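Everything on this sheet refers to the single structure shown next.
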Amino acid sequence: MSKSYGNLGVLFDVSLSIPIGQAVGIVGPNGAGKTTFLSVINGTEPTSAGSVFFNGTDVTKQGAEERSRSGIGRTFQIPRPFSNLSVFENALAGAAFGGGLRGREAQTAALDALEKSEMMQFANLRAGGLSLLARKRLELARALSTQPKLLLLDEIAGGLTEAECISLIATIKNLKDSGITIVWIEHVVQALVAVVDRLVCLASGTIIQDGIPDEVLKSREVLSVYMGTGI
Amino acid sequence: MSVLEIKNLRAGYGDLVAVSDLSFAVQQGELFALVGANGAGKSTLLKSIVGSMSVKSGTIIFKDDDITTVADYKRIQAGISLVPEGRRLFTSLSVEENLLVGAATGRKGPWNLKSIFELLPIVEKLKDRNAGRLSGGEQQAVAIGRSLMSNPDLILLDEISLGLAPIVVEQIYAALPDIRNEGLSIILVEQDLSRTLKVADKIACLLEGHLVLEGRPSDLTHQQITDAYFGHSIASFGTSSNGANS
Amino acid sequence: MSSNIQILRSPKKAAYGSAGALLLFVALAIAPKILDQSITNEWVKLFYLVTLASMWNLLAGYAGMISVGQQAFIGLGAYGVFVFNDHGFSAYESGIIASIVVGVVAVPISFLAFRLRGGYFAIGTWVIAETLRLIIIRFPSLGSGKGRNIQNYTRDPILRNTYTYWMALGVAIFALSACFILLRSRFGLALQSIRDNEVAANSLGIKVDFTKRVVYVIGAMGCAAAGSVICIQSIGVASPNAIFGVSYSAFMIFMVLIGGIGTIEGPVMGALLYFFVDKYFSQSGLWYLVILGVIAIIATLFFPKGIWGEINARWNLSLFPVSYQVKIENNQNDSIHLSKKEK
Amino acid sequence: MIYLNSISQGILLGGLFALSAVGLSLAFGVLRIVNLAHGDLMTLGGYLAFITIEHTGMSTWYSFLIVVPAMGVIGYLVQRLLLQRALRMGELAPLMVTFGISIIIPNSLVQLFTNNTEQLPVGSLATSSIQVNSQISIGTFPLVTLGISIVMISALQQYLARTKMGRYMRAAADDSEVLRLMGVDHRRVYGIAMGIAFSTLAMAGILFGMRQGGVSPYDGQLTVLFAFETVIIGGLGSLWGTLLGGMVLGIAQTIAGQFSPELPLLVGHLVFLGVLAFRPNGLLGKPVLR
Amino acid sequence: NPAGAAYTSSVIKIGYISPKTGPYAGFAEGDPFMLRAVRAYFAKGVMSGGKKYSVQILDRDSGSDPAKAGQLADELINKDKVDILMATSTPETVNPVIAKCEADAVPCITTVAPWQAVFFGGGFTPAKPMQWTHHFFFGVEGFGLTDPGAWNQVTTDKKVGVLWPNDSDGGAFRDPVNGYTPFAKKAGYTIVDPGAYEDGTKDFTSIITKFKQEGVEIIAGVPTPPDFITFWTQAAQQGFKPKIVTMGKALFFPATVPAIPNNLGNGLSFAASWGATFPYKSSLDGTTAAQWATKYEQGTKLLYGQATPNNYTLFELANAAIEKVTNPHDKSAINKALNTVNMMTLSGQIDFTHGPVPGIATIPTVVGQWQLTGGKWSWSVVDNTQDPAVPVAHKITPLN
């Protein structure tokens, strides 16, 4: 697929195939097009060329809401909470629509998502009053509440303390073990490599490396455009 | 000579006290690192210093003037600058215009468009782009540049490496000594302990709004810091997150 | 875990609220048989004000669509009465048919209006209303620019007034219960999500445009019904400029903001207030309007939650709650359990 | 030839529309305020001119010197005292405040001055014209109006694009809180922007009144919609767009009038809706990020 | 309800609805003055059926809004139980009140709206006329019959360009049967109608072009005051110079003409139904037209207009009906009494027995022309074909 905003090309002829159950990490310099890549997969942004297949179905023409219903969930890098609703209602919206659940079932699914993302304590708070971190967790909770088969995560570990990071890794591992396919963008590379089976490095809208995390990170291109000399 | 002196500061939101009874001083040219868990009150502290929220009690002295009740924009004119959490660029202006607005105070000093472009080459590449269309990381770089443009005496950096590619983070950290050499004092809020310890002259640790540890990195053991970071036991950490709930 | 977590939606208050509302409805319905007609005739205006305010609130308070052009549908509803009345339906039947037809007409209009957001949307709807007016007045059968009267209405004034009253009451009750049922259903959740963030709502599986369109259409139908009530009450439309006038929007905004936006009860309060202010002060010259303007400004700036919002903030008195409460039967273990898991 | 005449009259009319829309464009584009009181504030400007003329006996043209700055000050005060607070409260609040103002102005004017038209004499300029040929004649006064609006728009455009204050205005529109963090008091910036908006509006109001021979309390209600259409056809955030928008609207109306006098307003609206449908950002507007 | 308390009450209640505020408030600007005069007259009470009654006048402001007018009518009828209801000034206020009165069977007297806009605009027909309403005013014929009288004084090509907007008045004039054209045709004039423009039009270029093309030398019509000023200024700019301009509505208000830029109002003419020199006097207290005009201008500091005397006459008619019946609370008796009214009033002779259609009484008009002399605006009668009792001051002066 390719994607451009007006004259500005962002993604150039990117092809990627992800087997069910795999956890793929995406790294790359700022502005490489990672977020855009997620947006195109989940339908928030239309593709400019190329197509997206999900579970063997061509979903290129579908809107984000249809894709969500068929099992693609995502978080936003810059959180977009429903500010005037409570945290629980935020999750409930995901369960009721993306998850297609009704009544009690939806409520249970929402609670479950809150619990998994450690947001239960905030359940009755207005989402608009949450701190940045809690907003990011809420993103995760909402995405989970849609009962996704494919979960797209955009920088959810940024700003976490070590301990919190460890717990997040555990959470995502659990999700992966439960059979959810995961695509995770993260600059906190240590967190990423602790979970993913495969690492893709995007730079200037093209995939420059794709493979076993350790090898990708050590490759010369990735070192020079992304990792730098350290670590 | 201390550039900033905080005495018995209390600040918070409504009934919630996010920062309580806090006192410390930042010396001229010092890189003062502020660490602490999420919700410890770091951002709140920075916002109080810069004046975007009013304090409940205590005193803030900047360059010998009591600025506790001075309006936020006047504090900037006096030489404080904040790179806010979440970047917050002027989205309909170009990158260059963002930098120019950053220079609104008209303060003299080493920072101008040219020197910013040298410090952050990525920003120069983007200079004619609309700031609203940058990726998160690009925005962060512009936000730092914009703050420097006011040639502050004291700059407050709130989690600047959040969302940045390691290589950019590295560049920024590499630039910190340069920035500081210009006689600038820095308060750096960061989660990444190891990186912080490497660059800071002094480190202070906040826990639930209290200052629980302060010292030179060389004088502190890693254990001391970690204890301060999370409190002394896991149980108290648990109550802390409940506290945020109330 | 979930065994000690409860989801609460209807505190007893809500049940009392609904029961009270039902009683009130019955009382209002038999009022014309008991009270003097002159009193109940006045209430017709109150009812259509309630309808208009609720509809505007549904759009702005729950779906984030700030429209300055709802008069488009008021006008169409009023003119629809003539169209169907001329085809042999009674004025009341005509009003109901017209409202439904206007709902259908609103669908294509929504495609145009939805290209716009925020301020654009507001002005766009206004222009749409003007455009519709200019089109309507090109029909000589509808009286061109001069308006016209209903030809076939019930001659007996008492019967006519009673029917008009019932229609107005029915429309208001219908509008209010539609709002309540809609908002308590999953649809309401979708709406409020959209209001807060469309992009996020969309990627959570909410059909943004469809949901907004449904609300827009309901809003159009409600306003059309109110419009036909207005037309029937004054036995015609004397001026297309007035029935398609932007001042209707102005008063809707006024009622909703004064009463409290984003609540079911607020617009009703706003309508009541406006009704009484209008009743008692509208004859004291223009200063009354000036004062209304001043009130609007003061209320906006100093009581942004509106009357009902302030009441609710003080006594937590929501009669028609649409939000959820999660009740965690908290024992210390639970919360520790939550955070312990981290290590 | 008839169409040429229509077009030239349309352009002249466009000048008037553009002039009346500049203030709106500024308030809408820079402050993000949908100023429902726009037309009524124009009327107020006209009345201030009338009062000035009555009390000093000066000519209408000189009254600009007093009324335009006076309205600027009023704009600054209205912004600082009323709208500033409203802006913090979301999208609806400013709408409501200006709505309140739009009720207060005409009704107070009726109470104070009656419903009648108060005169704003123009002298012979009102009717003199330049005869291009037998078909086309161009009114001097509309030409002057057009000239004034072009000058004003270019000046403002330069001001917004080139000066510091202009940049602050645009920045404040994005994130006023952060503008404060740059050491600029955004309230002052907003106040000045609104002051400028009110000044242009007064200018437009007086010229409008002069063209019609005078002002009466409800004049504003007719003009406000044209002003909005002009702004949006042209595209937000571009004052040249506003000028263009005025021309497009003016020409659309005059050409439509050529077919039937029933059509100008309708066609004007349809052109506007067409622009909305096919170029939602206006003819010259930059796409606005949501 | 003949058995009710209202039926035996010693108070007669009269409702009066006018647009005191809103866009049409100009029509009612003399109301406070007029109501003072009327109340002063009624203060001593009236005799009806040998019994003395006091009169209560409930005056209401429609705000120029039809919906409001309808509501007020409803309230006055059902709550205040008025015996007679009156409405005045523009179909926007008058028509909804009539609709209510007809529906609720209450005697209704109205004025200051072209009668065609009231009768046909209200959906009535000669076969199905109004039952309870009595409207007096001139209509299209007040222009159609009168205007040519003045035009004939000047040599023209007899082509009349008209400004008929798309509103109630314009609609009434355009009507091919009951409208203006048949009158003009009969008098030998050709109508050039460019079409129904919208009120508020800002550009009249196409209309002016059309007039020029057709060689129009006379302009007539019923534009609103601001529209006419726009038109007339643009006509001057675009070099269009007709010989005669005779306007309804726009020149109905004395304030319009002085407001036209550059003294372009000089020489404009209009159909007038009332003026200080008219030989009319009040049936209540004998005030003559000249006395009324003087008192009015002294009392209000405004130029006298035509609407206020007509509004005053509403009360003259009510008074006449009340005096005729045995019980003024008997609505159908009052209604019947009104049907037989044929009397001299401050507005001239009002005759409901010979209306063009039932319930309508027309009043004659003459042509007046404005002139500026010594910095002062005034108008004088230039043609009295339709009301020879009114003295003519001089012949019409053509504009070119």
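When the chains are written out, they are named A, B, C, D and E in that same order, and each has its own residue count from 1.
To be clear about the criterion, contacts are C-beta pairs under 8 Å (C-beta built on N, C-alpha and C of every residue); 3 or more make two chains touch, one makes a residue touch a chain.
Here the structure is a predicted model, which means the values were calculated and not measured.
Peer 1: Which neighbours do chain C and chain E have in common?
Peer 2: Shared contacts of chain C and chain E: D.
Peer 1: Which chains does chain D share as contact partners with chain E?
Peer 2: Touching chain D and chain E alike, sorted by label: C.
Peer 1: Farthest from chain D in C-alpha centre terms, which chain would that be?
Peer 2: A
Peer 1: Can you check how far apart chain B and chain E are, centre to centre, with Cα atoms defining each centre and the answer in Å?
Peer 2: That pair's centroid distance is 76 Å.
Peer 1: Chain A to chain E: how many Å between their CA centres?
Peer 2: Distance between chain centres: 74 Å.
Peer 1: If you average the Cα atoms of chain A and of chain B to get two centres, how far apart are those centres in Å?
Peer 2: So the centre of chain A lies 28 Å away from the centre of chain B.
Peer 1: Compute the distance, rounded to whole Å, between the mean C-alpha positions of chain A and chain D.
Peer 2: Whole-Å distance between the two chain centres: 47.
Peer 1: Residues of chain B that contact two or more other chains, please.
Peer 2: 133, 237, 241-242
Peer 1: Any chance you could list the residues of chain D touching two or more other chains?
Peer 2: Residue numbers touching two or more other chains: 107, 110, 262, 265-266.
Peer 1: For chain E, write out the residues touching at least two other chains, lowest number first.
Peer 2: Residues 21, 166, 196, 198 of chain E touch two or more partner chains.
Peer 1: Applying the document's contact rule, which stretches of chain C touch chain E when the two form their complex?
Peer 2: Touch list, chain C to chain E: 36-39, 41-42, 45, 134, 137, 143-151, 153, 155, 157, 160-161, 230, 233-239, 241-243, 247, 282-283, 285-286, 289.
Peer 1: For the complex, which residues does chain A have touching chain B?
Peer 2: Within the complex, chain A touches chain B at residues 5, 8, 27-35, 77-78, 121-122, 125, 131-133, 155, 158-164, 187, 189, 225-231.
Peer 1: In their shared complex, at which residues does chain D touch chain B?
Peer 2: The contact residues of chain D facing chain B are 164, 167-168, 170-171, 173-175, 177-186, 237, 286, 288-289.
Peer 1: What residues on chain D touch chain E, complex-wise?
Peer 2: Counting only chain D, the residues touching chain E are 2, 5-6, 9-10, 13, 16, 107, 110, 114-119, 121-124, 126-129, 131, 135, 137-142, 210-214, 216, 218-219, 222, 226, 250, 253-254, 257-262, 264-266.
Peer 1: So in the complex, the part of chain B that touches chain D is made up of which residues?
Peer 2: Touching chain D from chain B are residues 50, 52, 71-74, 76-77, 81-82, 84, 88-93, 97-98, 100-102, 104-105, 132-133, 146, 150.
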